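Pasting the structures here.
Look at the two complexes coming up: chain A is in both, with chain B in one and chain C in the other.
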Partner chain A sequence: MNPRALAAWSLSGITIALASGNPVYRALALLCAVNVLVALRRPEVSLRGLSIALVVAGLIAIAVTTLASHTGDHAFLVLPSAIPVLGGSLTVEAALFGASTGLGIAAAVLAAAPLSLVLTPNSLVDALPSALARTGAAIGTALNLIPGIARSATEIRDAQRMRGWRPRRVREWPDLAVPVVLTALEGSIALAEAMEARGYGSGARSHYSDLVWRWADVVVCVVAPAAAIAFVLLRVSGSIADWYPFPNVSLPPVNGVGVACCLALALPALVWRR
Partner chain B sequence: MIRVLLRVVLALPLLGAGMGAVTSVAGSGPATPLCAQAASLHHVGIVVEHGDGQVIRRCVGFDTATATALAVLQASGLEVGISSYGGGLGAAVCQIDNEPATYPPGCFTASGSYWVLFVSRAGGAWATSDLGVSSETVAGGDGIGFRFDPQTGADPPPASPAGTCPASTPPPARTPAASVRPTAAPRASSSTPSAPPSRSAPTPPSATPTAGVLGVATPAASPGAIGSLRRPDSPPGINFGLLLAAVGSGGLLGLLAIRILGRRAV
Partner chain C sequence: MTPASGVSLTGLTYRYPGARTDALDIADLHIGDGVTLVTGASGSGKSSLLRVCNGLVPHFHGGTIGGSATVCGHDVLSTATRVLATKVGFVFQDPELQSVYPTVERDVAFGLENLAVAATAMPYRVADALERTGIAHLRGRAVSTLSGGERQRLALAGVLAMQPRVLVLDEPLSQLDEDGGRSVVTILGGLAATGTAVIIAEHRVDQLARLGGRVLAMEGGHVVDAGRRTAGRLVETVSSRTPSSPRARIAWELTGVATGPARTPLLEGVSLHGREGEVVALVGPNGGGKTTLLRTIAGLLAPFSGRVHREPGRVAFLPQNPMALLHRSSVAAEVLWTVRRDPPTDDVATLLAELGLADLATRDPRDLSTGERQRAAIAAVLAGRPRIALLDEPTRGMDDAARDALCRAIQRLRASGSSIVIATHDKNLTAALADYTVAVGGRTARALAPVAVA
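Here is the complex of A and B:
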């Protein structure tokens, strides 16, 4: 698949997921993104971590909305009003609104996830326009440093423990943080020297193979943005409405064309093959 | 250290749930109505003007020197939905008499209409209130007005509160609460002939709009279990969009199942 076509699809998916507060459209965008991820992800990539993170994010969204929003007619618990912010009725409506918010977050994250779980970092950097090549290389390099720092932190923590380090207070954490930061700086400098030695930044980036546009890439690149634009137009014109469960829960208003726009996001799972 | 933190994290929700259960039980008793009897010392007129021009009038009586506009509104028997502004402003009125049908948790949408609160002091002209409905206080002879108004443009006041309550009703002898009856004035001349089904059922008009009107202080009935999920403004019949969404979801789930099973088989 063409990285630029996938980027266009991701942008379209994020647009549809966030353009409306309606859980029906969000759920459809989420299902499409999951289908694309399962069909096209790199073989060595596991979706377990992402799934857990999204479930946790969804639960947090439900908990925060339920505790902070005391609107709605159907209370299932009443916290003492003396408790700041949290005091008041906890309602079914607020919990459902939190679930809808969590659904939107999950749909948007899953729409962006193929950029890292389907594409390799170098193909993504290659797909950037030449004007953004250096910026993309810098961002990609910085992002690649994050897992390295995490590994380094684990190793340093284990080493400190073997020396008898037992942190009991927050002020003892610099014993771990200082070596981690120093190691990260050393790693960054070494990486920069290695890149310079290999000629990064000295001229235009060359490619082993140019990007190829197949018919499936063109179809995805046309259909997904068109669906997103149509969805936004429907949203602006009022045909696609937000959903609020307050004060009583009701079924979300659903527009057939809006649903079709969401379903169009499933196209990569049907036309692309890994 | 980590164990202690874990214990605290586990104990807090349990403590909160326990306190909530106690409060919930404590708060489940019958609420004291604002005006338990018709023989109230003070009366406040309420004028509610819907977005379609329909006007509802209520007269609410109470015995205390002053009352909050929210208490008076809730005592009128009209359906009310509120949300907190936060701080000292008090509560915002999000919904009256099921208009709008739904509203966001913050009460206000980016561009939709909202309920503007007006206050009339001692029969004077309407003035917009600078406070939330729970912080605004009224006394006998005052009036409270609500108008469902777009966010753009000026905020014209609702219909005049004059005549909503009896002009000078001497405190009658205390009568049983059963004799108190809710009344609503007929709609204003500009109102539409029939109200939407979600609104309050129109009550039979009295002989004159103000004849012997004494508001009832029955708090709105607490909602029961969530029964119908149908939107109040949706027409009956099959929703094509919802049907398409259900079919599409089924197809996507089926496709997903085939993919996962296919991967496992490999």
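Here is the complex of A and C:
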């Protein structure tokens, strides 16, 4: 898949997820993003950590809104008013509004996630415009250093343990931290020397993996932004209505074209193959 | 190659920033086409000389330089390294520190991108470089999963793809197995035959003997044209080796072990042991699992199955990268840091002298040459009385004198009852020290016949 097409899709997904407070559209955008991630993520990538983080973020959004907003007709608990900020009625409407907010956050994060979970960092850097090629190479190299530092830390820790290092107090941790930092610095300098010796910075660069545009890439690159633009126009014109559960909870209004715009985000999972 | 297109140095002096003495002082030197082998003890100025060839000295390292240096007609003193890179390829001593991108194929292409080679031409040049260095099968692999030897070949491939007119290599064989070393020597011979100037600093001169060419001996920053190649030799301690007693107590033992650094075992069904006063050499191809086996014996890697037994006592472990160990302010402080935790202790000065480090005892380990750092790391791990000593490629970057010193230190440890395991490609070291060898590769490790005492 073409990284630029995927970037266009991600931007479209984020736009749709955040353009409306309507949970129906947010839920649809979220489901489409999940579908793309499950179908196209790199084989070694696990979605467990991201899933847990999003569930936690959603629960926090619900909790904060419920505890801080005391608006709504359907109270399920009343906290003593003596408690600052939290005191008052806790309502179903506030909880649902919090859930809708969490849904929007999750949908936006999941729309951006394929940029790191489907693409490798370097393929994204390679997709930068040629004017940013040198900067991109530097970013790619920096990204490559991070796992190296982690490996170096493990190697140093093991080496020191084998020499009898058994940290019992915080002040003994510099025995590990200092060499890790020094080794990282030395490694960075050595890498800079190697890059210089291989001609980095000698002039205009070319790209090994020139971006290839297949028909599927073009379709995604056209359809997803078109859907996002249409969604925003419908939202501005009022055809796509927002949802506000206060004071009395109601079903969110649904527009057929708006739903179609959201479903267009599922396109990558249909036309791209990993 | 005409003189104008070779490497010419006249009245060249160079001093690193903050140094008290010149690292290089070369009256007159011209290096033309063919192979030039640069020899000399650790710290003699080999690496500095090589760095002049592509301008890293002085442009990257700074310092004070005098005289003149031209490479392929370019004035080194006024031409940036990144410009000289179009003519001069450089393979560094430490392959771990020169990979730019995370995958093999992509990393080889890095230099081509910098030279703005057309995208259509790059795949062919990348494939050719991978083929010539024998790592075409690693094309899609993550660099982080490669062994030291595979990384060394990757570094060479990245430079070969750039088709340099002068190829400079700093110890290119130090981590390669015998087959890998042989194939690299063949590649270098082929390049030299087609008009590329190949300049190599290497301690393993025996493998380079068939290349012919010129030898430059270096000492204290000066160059002496020795004129003929020195043959590889066995270390002097070879005849002093005495086999260990079969009745000696077992110090470590693996029983039916399956182990590996990732999720799947690299080695399976491994059953081995080592006795007190015994030296075991792990040999085998790059990526075969020698380091994995050492780490498993050390207890740094838990086996997937099977049993690992070690007698109580300190286990000394020398990793491939000596800088993982060295972080005190001086070489002597490094050794003291170990022995403070492992009494009774030898006299630190004696150990430093044994390894030829007496004059370097007060120096910061990070200011030393690669070979000197290696010796300092060995001193740091072998100090005291380790019950088991595990050494991963201990002769990497070592000259003959340092290797002799290492052999003496290991003989002393063996005499005091330590069980020693060495992972090495160095056949001379194996012949000098090993009671028996273990062939590691093909997903297993098996003990070979005891090494005959010369």
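Keep this in mind: the second predicted complex is superposed on the first by the 199 of 274 C-alpha atoms of A that agree within 3 Å, B and C clash if a C-alpha of one lies under 4 Å from a C-alpha of the other, contacts with A are read in each partner's own complex, and residues count from 1 in each chain.
Note that a contact is a pair of C-beta atoms (placed from the backbone, for glycine too) under 8 Å apart; a residue touches a chain by one contact, two chains touch by 3 or more.
Keep in mind it's a predicted model, so treat the numbers as computed, not measured.
> With both complexes overlaid on chain A, does A:149 touch chain B (first), chain C (second), both or neither?
Neither partner.
> Who does A:183 touch here: chain B (first), chain C (second), both, or neither?
In the superposed model, A:183 contacts chain C only, not chain B.
> Name the contact category of A:18: first (chain B only), second (chain C only), both, or neither.
Touch partners of A:18: none, neither chain B nor chain C.
> Would you sort A:201 into first (chain B), second (chain C), both or neither based on which partner it touches?
A:201 contacts chain C only, not chain B.
> Taking the superposition on A as described, I'd like to know which of chain B and chain C A:159 touches: first, second, both or neither.
Touch status of A:159: second partner only.
> Examine A:139 and indicate which partner it touches, taking first as chain B and second as chain C; both and neither are also allowed.
A:139 contacts neither chain B nor chain C.
> Which residues, counting only chain A, touch chain B once they are in their complex?
Spelled out, the residues of chain A in touch with chain B are 24, 27-28, 31-32, 34-35, 38-39, 65, 69-71, 73-75, 77-80, 83, 86, 90, 92, 94, 97, 168, 242-251, 253-256, 258-260, 262-263, 266, 269.
> What part of chain B is in contact with chain A in the complex they form?
Its residues touching chain A are 1, 16-17, 19-21, 23-24, 27, 81-84, 94-95, 101-105, 107, 109, 223, 225-226, 229-232, 234, 239-242, 244-245, 248-249, 252-253, 255-256, 259-260, 263.
> Quick one: in the complex, what on chain C touches chain A?
Result: residues 54, 56, 59-60, 80-83, 85-86, 88, 90, 92, 94, 97-103, 105-106, 109-119, 122-123, 126, 144, 158-159, 162, 295, 298, 300, 314-317, 319, 321, 323-327, 337-338, 341-342, 366, 380-381 of chain C touch chain A.
> What part of chain A is in contact with chain C in the complex they form?
Residue list for chain A touching chain C: 120-122, 137, 140-141, 144, 147-148, 151-152, 155-156, 158-165, 175, 178-179, 182-183, 186-187, 190-210.
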